[in-house]
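These are the structures in question, set out in turn.
Across the two complexes that follow, chain A remains constant while its partner is chain B and subsequently chain C.
Presenting the complex of A and B:
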């Protein structure tokens, strides 16, 4: 197999892509849905979530490189938990002030503050003493919140507080978003844990799980949006998953000591 | 309380027992959770191996994912398309198994590739014959758990007020936590260190020195399933089965609305009884087997 070219992103780059991609994506989803009077464009919400996943997975990767072996899933679940609360709070606040369109921005700012406060608590009160804890948790919480919001928009097709509560929270679909969203953030680093972990492989794994989440969210939207928009989400999600799974496998082949069809242990270990 | 309700509770207990057993064997085939740290360490201390490394979070989050996935599929088919309950459950479990296959293979590839400096190879034949076995066990687990949730919400009276995906998530976390604390010890503490005297526990010095060679050839993860299905799996099943049965029994016998204090008191009695039995078990085991033969007194730290 020809040598695959890898890529590296700085945290600042990923933060920028994450914020712009997810915010623009969510507004694009809702805007196109309103303009056309259909729910067909809901699938764009899940693509917006992919940007947030990229951002969040890198944040988890940075925090957990400080030797949090079993803490990787815990960090992911912490961020998802903060995300679930922040998403409802932001949308509710925006609804109460009559500025539903600004819900995304309010949610983003609130999540970032929430993450920062929890990060300070972790470092100062619980004495984790991880240098980038505050920054990492701010990124993680904000990214996870945007991802949860984006997937919620895919399920409900709108940004209104009442619609999201009725379609996502009351139906219990939040359970899937919570756990699969958490997985999209922490599974990449958890699955690639080890001394030879590479950023590009980890992030592509995150995109792959993001595609899987899109399929799951698409199945949820079968009830809330109807057959056509849901099938669109599922098909696009499958395409994204397949593309990134193949890419991930090729990166694995690039990085592994050897990929063999079958065989005994390496000669040095027999 | 009626006979039908009590029958349903008994059926849920039976389903939970099967789910618990399959959950533990699934995690043992993939070397997830507790034994995973040793499988991960093995290559790093110079012991590359041919054992599956399925690092999908801990067991509670990963089982919560399979069960929630199965439940949303079932929910969609029941609420949106008015499908029969059993068919919806089967479809949900199939989706969960597919998701599991993707996550399991990505974890095996990723973990092995991240240990390339220790010469840990990726064996594709392991992926081909072990992944379906993992998926099959996940299918059984998520089928049983989804069916429990469906019975709680749609059949058992009074109907549970939560939607089934949330119940699936909670049961998934529960079954993962029970599997992680009950069954995995059998694999992580005993099977991986079979060359040490039984009951020795894991010394730090032995970290990563797992058994890599079998009676004939190299040990693989299916061998571990064969071993764990004898004791660890059934124990986990018993643990989860009792949890589901006792919990639902008290709310079926006592009406949770009008007789709530009785139901709560019954729960407290269960907890006290189990603690007393645990104490008895520990004392009787210590009496019967005595201290470990190699025990030479506590070493001053």
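Presenting the complex of A and C:
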């Protein structure tokens, strides 16, 4: 077990995986749903969100390791808060121009611009002087927005503005995506930070919480999509959570100084 | 494609930006103590800015939304939002003070000033060695109430135009909350997570957050006013 090999990714690699994984995943979800005329493939949306989680969790990890004074969740909340507006902005604009498929791209670009501008404001106006602030916030904002959009697609099974508003916003499920998704993005670094923080452990934690979020989103889609697609999301989400939970457990034991079994309560306490 | 861009759109944008700025300035008034305050080792409420902003913002939105279901007049809506937010913040501070007083057993003292600017009580004798104050003294309580007032008015002022544009309470509430979160994180980065209130030296930094929030608010307002209901909903 102590021979477990870790991995390291550069931010550029993760950005590439995040953008390609989430965009292709969302299109794949909607495409397969339309082709087969069912909603069964909605669960792919949540898998697309996992790519965005990897990308976003790494961005938050990079910025927050500088120490912002506030907790790690603050940055996650900034990005997800903006993502809630940006996710429907792209879809709405695309819907009005009659090019519904382009909504994802518009959302991605606007979110990235917003993140970059806030990063510049932090460095130039509020004098943070963190060299990767612009880059990190661009990544963070874009990744959080894509994750929110991908989870929304899992719940609605479609990429049209009206369907997302009716199934995700009006039902209030967005609040759940907001918190569960935010957890997947900011919890990893919040839980693993410290002098021995390692990228692979943090990111695997993110994937684990992403699996949990997928179960939550699946339960929500029971109402909007019906039993079969929702159960598929829940089962796949459980499998993802279990796989990464075991992986995360092994990474934790790898990084721990020692793992000691304490047994149950001592006999005198019983 | 129908793009309606008229004087109303500009008014909506202006309302969102002004609301954003009120939230941003309001955060500087709230005595946020963070984790040290939760252990009674610093003055303020023992939690982070984002949690407090979410609490008071949500309460403000709920009360503003309730008033909006009765009237379209902006003034009672703003006032209700402010009162809801203030009640939440005051209840939090009062309960926090009960715990500091009766459970932890510490006197309320500010470490940033020698005399409480409101009661004129001396502070240093009551600050425990090794800490930077405890509890929520009078000046912090008053400051927090002012902060909640600004935040509540700001939140309602963001919610109102969202509701005018979309006519959809769920969507408007989520948009208002999203903008509220952005505008509370930016100033909390500016104060580096903790502040005691308007008497804290860090309070003088508010123009920096004001500028940053202004630009972020404009970007958010552009998105919000451009999202218009599509046919067939």
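Everything below uses one rule, namely that the second predicted complex is superposed on the first by the 258 of 270 C-alpha atoms of A that agree within 3 Å, B and C clash if a C-alpha of one lies under 4 Å from a C-alpha of the other, contacts with A are read in each partner's own complex, and residues count from 1 in each chain.
Simple rule for what comes next: contacts are C-beta pairs under 8 Å (C-beta built on N, C-alpha and C of every residue); 3 or more make two chains touch, one makes a residue touch a chain.
Keep in mind the model is a prediction, meaning the values are calculated, not measured.
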Which superposed partner A:73 touches (first chain B, second chain C, both, neither): both
Greater chain A contact set [chain C / chain B]: B
Partner chain(s) touched by A:183 [first = chain B, second = chain C, both, neither]: first
Partner chain in contact with A:38 - chain B first, chain C second, else both or neither: neither
Which superposed partner A:194 touches (first chain B, second chain C, both, neither): first
Which of chain B and chain C A:123 touches, first, second, both or neither: neither
Touched partner set for A:257, first chain B, second chain C, both or neither: first
Partner chain(s) touched by A:212 [first = chain B, second = chain C, both, neither]: first
Touched partner set for A:96, first chain B, second chain C, both or neither: second
Touching partner for A:175 - first (chain B), second (chain C), both, neither: both
Doubly contacted chain A residues - partners chain C and chain B: 69-70, 73, 77, 170-172, 174-175, 178
List of chain A residues in touch with chain B within their complex: 69-70, 72-73, 76-77, 170-176, 178-180, 182-183, 186-188, 190-198, 201-202, 205, 208-209, 212, 216, 219-220, 222-223, 241, 245, 248-249, 251-253, 255-266, 268-269
Contacting residues of chain C [partner chain A, same complex]: 1-3, 34, 48-50, 54, 168, 170-171, 174-175, 177-182, 185-186, 188-194, 208-209, 211-212, 215-216, 219-220, 223-224, 226-228, 230, 232-233
Residue numbers on chain A that touch chain C, as the complex places them: 68-71, 73-75, 77-78, 80-86, 88-89, 92-93, 95-98, 110, 113-114, 117-118, 121-122, 125-128, 161-162, 165-166, 169-172, 174-175, 178
Footprint of chain A on chain B - complex, ascending: 37, 40, 44, 46-50, 55-58, 61, 64-65, 68-69, 71-73, 75-76, 79-81, 95, 99, 102-103, 106-107, 109-125, 162-166, 168-169, 212, 218
